[in-house]
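In the two assemblies presented below, chain A is common to both, partnered first by chain B and then by chain C.
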Partner chain A sequence: MEPFYFSKFESRRPYKPIPDNKYRTLLFQFTGIVSIALGFAYLNWRWRHSLNPDAMWFAILLASAETLSFLSTILVVINFWSNKDAEKTPPLHFLSEIEETFGRPDRPVKIDVFIATYNEDVELVRYSIVDAKKLNYPFADVKIKIYILDDGRRDGRDSAKQNMKKVAEEEGVGYLIREHNEGYKAGNLKNALENTEGDLFAILDADTRPFPNFLVNTIGYFRKRDVAWVQTPQWFYDTTPAQKLSYVINNKLKNLGAENKVIANVIDFLFGKITFNEDIFGNDPRLFYEAILRKRNFYNAAFCCGAGSIHRREAVMSLAIRDFALQIKKLEAYLAGKKRNKTEIKNERKALLLKQEIIPFKFHASEDIYTSMMLHGDTLNRWQSIQHPDVECRMLSTQDLDSWIKQHERYAAGSLDIAFKDNPVFMKGLSLGQKICYFNTIWSYFAPVWLLVFLLSPMIFFFTLSLPIKAYSFDFFKYFLPFQIMNTITITLGCWGIQTKRGDQYYVSSFWFMLMALFSVIKGEKVKFNVTPKDKVLALNKNFKHILPHLVIIALSLCGIVYNLIIISMGSHPSVSGFAANTFWCLLNMIDLSVMIRAAYWTPDSTLEQSISK
Partner chain B sequence: MKKYSFVLKPMFFIFNLLFASWLVIKIENIQPSDVSKKKSLFVKEDIKVENSNFAKTHFENIYSDYKTGIVDSATFDRELRNFLEVESHSRTGSK
Partner chain C sequence: MLKIRYTELFHLTGDRPLDELAGVCIDGIHYYDFKSLIFLTNTDLASLIDLIKCSLEHGVEVRFVNVNDGIKRKIIAMGLDRILSCD
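Entry: the complex of A and B
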């Protein structure tokens, strides 16, 4: 097979999930409650005693941002409250093990594997097909059929395009296409479900390569008849590896023509453990799958993320039929309201029956979370979801900032669109825990609102010399420090064993595109379904627009610091303590913002083998 | 005993809430002058001002905090009341 850039990462193995520990959970619950109580005390003091009357607009702006951010803290504590992994069971054999046969003759279960593709390199898709063909299953009579769902219509009709159909034929797998792209990926899956007959089906993206035991380890969950889908963690095996400080410095010296092995050895001796450049694009989703989604098993609120999930056909089809029936009912009610006679209603209904399609996955840019929400809210069937803790497949991550931002912009806009059109908080059928968890996901996309205030506050101080609080007094620290310290301990316990540094940095650094996504949804713009490029794309010129706001904030911050230093040296600064506090915040902000700037100009290292692979 | 194990979690939850409330109240009562002049920030007995020299310094601290804007008038008023109350107790010898 044709080698790709990711071929050098083939030997990487996925992480093992953190074992559950009930004492750690209890400690988390303890610190979580204390943290929330301290947060309330801090905000009580902020609103009642600390607002600076001389700069009330600034004071209220910052206090509001802190309050909104605190709501996130509460939601995170609720999300992480407990862990409840589903019991693992051996793979099943017969249809009667997963559903009632109602007198029909029993037979071995049928499993389909769908590989959805649009415009990816066909040779890249071949890797996924080859791995899917290696899937194990202990029962020889259980049929596992693999299908390529090609929304790019690359069946040989267009000579300018690669021939996906040919690859499918060469590999001996099914090939399904449709003549339009309605509904994007959801539409592609709908077409697949109409043309296949598996009782269970797995969804893989073009770059998703399952490990041989993917089905063996997950199909058993469907013995519980209310399990609608199982999501496995997405693991990107091509993230940039860590590099030793000595290697980074020596590489710079090499570019200047001053490479020196002695210097490298001295740096290695002194700072051998310090590493750089690991996961430069913040692609590692372990925090999301292992901490956030896995802990939602407790509330039965883990949502589907598409690739790497296995579904019960009956669940998505029942949802589709329910929606279909609702459309008919709505039409009947509408016509009855218009005082139409019975014959007219009958004719209109008939026309709709012919026109209306059965749609298993919601036609939406965030079809995964939307469909999950609908299934969780189905009061008739009370479907369950399972977030499986072990990594069962490997995937490719975005390899340049522009693609990364497009991908995450779609996630943000899709989730916000759901919030404005079909808010889970008001959705009937969802439990309180499910509503909170879905709201948590949506609320996290409102973060740019308060992040922008946090980023701009030091600058407002630098240039207006107005403090948002009366003084950085003893009271400020007595309320703020315990809350911050306890909050950090709580998050550390909640994310035990998982690196959060890069995620935190990208959380701040993503403020701009998330703000743009929020504006576009508020303006009512249609959310675009951007297909994430899985190939290496390097578009440095495209990246500049993404980091311009970051550069402006950093430049203004530096100007502000210099301006204030001049005033201090003249002895006329009104609040030196305010300057110190704001400079500290400003530096933290700059470190976080610089992550995206570095990613924008990142180019792969041709001598990567010298770096440390993890 | 196992029969009653279901009450453990709610009890733990209530204990957490009570502890968190206690901690918040204690933090609210900490004064700037308590820091470094007390054996522990959470021991009530230490609020008593030991001698008149210390009382004088303590009074000066409160006043200078107010004057430099570190504390507002409401806090100043509260601290002054606390100070006068403790002062009168220490003079009469009562707690």
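Entry: the complex of A and C
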């Protein structure tokens, strides 16, 4: 098969899930409660005793941001409260094992594997097909059918496009297309469900390559008749490898025409263990799947993320039909309210019936989370979801900042759009735990509101010389430090064994595009479904617009520090301790912001030997 | 899964395979006999909705006869009682 950039990462193997430990969980619960108590004490002190009356607007702004941020802490503690992995069971054989047959003749279960594609390189999709064809299953009479769902209509009609249909035929798998792109991926899946008949179906993206035991390890969960879907962790096997300091420096020297092996050896000798740029785009989703989503099993609130998931057809069809019926009822009620005569109502009802569609996955930019929410809220069936802990597929990550931001902007805008249109907090049918978990996801996308305040606060101090608190006194540290320390311990325990550094940096560094996503949703703009490129590295000049706000903040911060140093040297600075505290804060902000700047100018290694492959 | 042969929608005659529905069109109303059906899956229900829509496009109403209580209960539970006409 045609080699791609990711061919060099073929030997990478996924992580093993962290075993559950009840003592660690208990310790987490203890520190979590203490952390929340200390947070309340700190905020109580902040609001009641620390606001600076000389700069009240600034004081209230920062205290409000801290309060909003603290709500995140509470939500995270609730999310991480406990773990409840579903019991693994062997693969099933017959339909009667997953649903009541009501006297119908029993038969082996049918499984479909959908590979959704739009414009990806057909040879890249071939990798996914080939791996899907290698899927094991212990029962020979269980039919596993693979279908390519090509929303790009690459069936040979357009000679300018690659021919996806030809690849599907060469590989001997099914090929499904439709003549429009309504509903994007959700519409593509709808079309597939209308043309297939599997009792269970797996969703793979064009770049999702299942390991041979993907179905063997997951299908057994469906013995529980209320399990609607199983999500496996998405694992990106092509994240950027770590680079030695000597390599980074020598590369810069090489660009200047001054490459020097001696210097490289000296740096290696002195700082050999220091590495840079590992997963520079913060693509590794382990924190999300292993800590956040896996722990939502406890509340039956783990949501589907699309690729790498397996679904019960009856569950999504049940949702689709009930939604269809509900929409018709709503429209009928609307017509009844308009006081039409019987013939008019009959005609309009007919028009509505013809217009309304059965939609298994919600037509939305975040169709996965939206559909999950609806299934969880289905009081008739009380569907269960399972976040499977082991990696069963490998996927490709975005390889440039512009694509990364477009992808995450869609996640943010999609989730925020749900918050404004169908807020889970007010949704009937969801349990309290499910409401909190869904709200946690949505709330995380409001982070730019307080992050912007945290990023601007040091600068406001530098240029106004006004403090948001009365003083950086002992009282401040007495309340602030215990809360921060306990919070760090709590998060460390909650994310035990998982690297969070890159995630923390991107949390701050993402403030700008997340803010833009928030504004666009507030303005009522339609959320665009951008297909994430996985096979190309885009031009670097596209990235500059994404990092401009970061550069401005860093530049202003540096100017502010210099300005304050001048005032201090003149002996007229009103708060040197305030300067020290804000400079420290500012430096932490700059470190976090810098990751996106480095990502913007990151280029793939030409010589992998010089980097440390994981 | 229930299969409907749309191309034969208006001239269903003779024996049908077990997984297809027998029907007859009288005075602009197409009747389908559910006598041999003991259960419907959600996918089957979706097929029936598609059948109704397909018929409506041609100005034909659809009614289902000999529907057992279990299927009727399911239709009501799914909120389709005003969409799928059962006798």
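In this section, the second predicted complex is superposed on the first by the 584 of 614 C-alpha atoms of A that agree within 3 Å, B and C clash if a C-alpha of one lies under 4 Å from a C-alpha of the other, contacts with A are read in each partner's own complex, and residues count from 1 in each chain.
One rule holds in what follows: a residue touches a chain if its C-beta (ideal position, glycine included) is under 8 Å from a C-beta of that chain, and two chains touch if they have at least 3 such contacts.
Not measured: the values here are computed from a predicted model.
A.B. asks: Quick check for you: in the superposed arrangement, does A:Ile418 touch first (chain B), second (chain C), both or neither?
C.D. replies: Neither partner.
A.B. asks: Examine A:His49 and indicate which partner it touches, taking first as chain B and second as chain C; both and neither are also allowed.
C.D. replies: first
A.B. asks: Kindly classify A:Leu354 by the partners it touches after superposition: chain B alone (first), chain C alone (second), both, or neither?
C.D. replies: second
A.B. asks: Regarding the shared-chain residue A:Ala37, is it in contact with chain B (first), chain C (second), both, or neither?
C.D. replies: It touches chain B, and chain C stays clear.
A.B. asks: Which partner does A:Gln29 contact after superposing on A: first (chain B), second (chain C), both, neither?
C.D. replies: First partner only, chain B.
A.B. asks: So, A:Ala325: does it touch chain B (first), chain C (second), both, or neither?
C.D. replies: Only chain C is touched by A:Ala325; chain B is not.
A.B. asks: Applying the document's definition of touch, where does A:Asp475 land relative to chain B and chain C: first, second, both, or neither?
C.D. replies: Only chain B; A:Asp475 stays clear of chain C.
A.B. asks: Name the chain, either chain B or chain C, that contacts more residues of chain A.
C.D. replies: So, of the two partners, C touches more residues of chain A.
A.B. asks: Touch check for A:Ile405: first (chain B), second (chain C), both, or neither?
C.D. replies: neither
A.B. asks: State which residues of chain A lie in both footprints, the one left by chain B and the one left by chain C.
C.D. replies: none
A.B. asks: In the complex formed with chain B, which residues of chain A make contact?
C.D. replies: Touching chain B from chain A are residues 26, 29-30, 33-34, 36-38, 40-41, 49, 470-471, 473-475, 478-479, 482.
A.B. asks: Inside the complex, what are the residues of chain B that reach chain A?
C.D. replies: Of all residues in chain B, those touching chain A are 12-13, 16-17, 19-21, 23-24, 27-28, 30-32, 35, 65, 69-72, 74-75.
A.B. asks: Within their complex, state which residues of chain C touch chain A.
C.D. replies: Its residues touching chain A are 1, 38-39, 41-43, 45-46, 49-50, 52-53, 56-57, 70, 77-80, 82-83.
A.B. asks: Looking at the complex, which residues from chain A come into contact with chain C?
C.D. replies: Spelled out, the residues of chain A in touch with chain C are 101-104, 193, 197, 313-314, 317-318, 320-322, 324-326, 328-329, 332, 350, 353-354, 358, 380.
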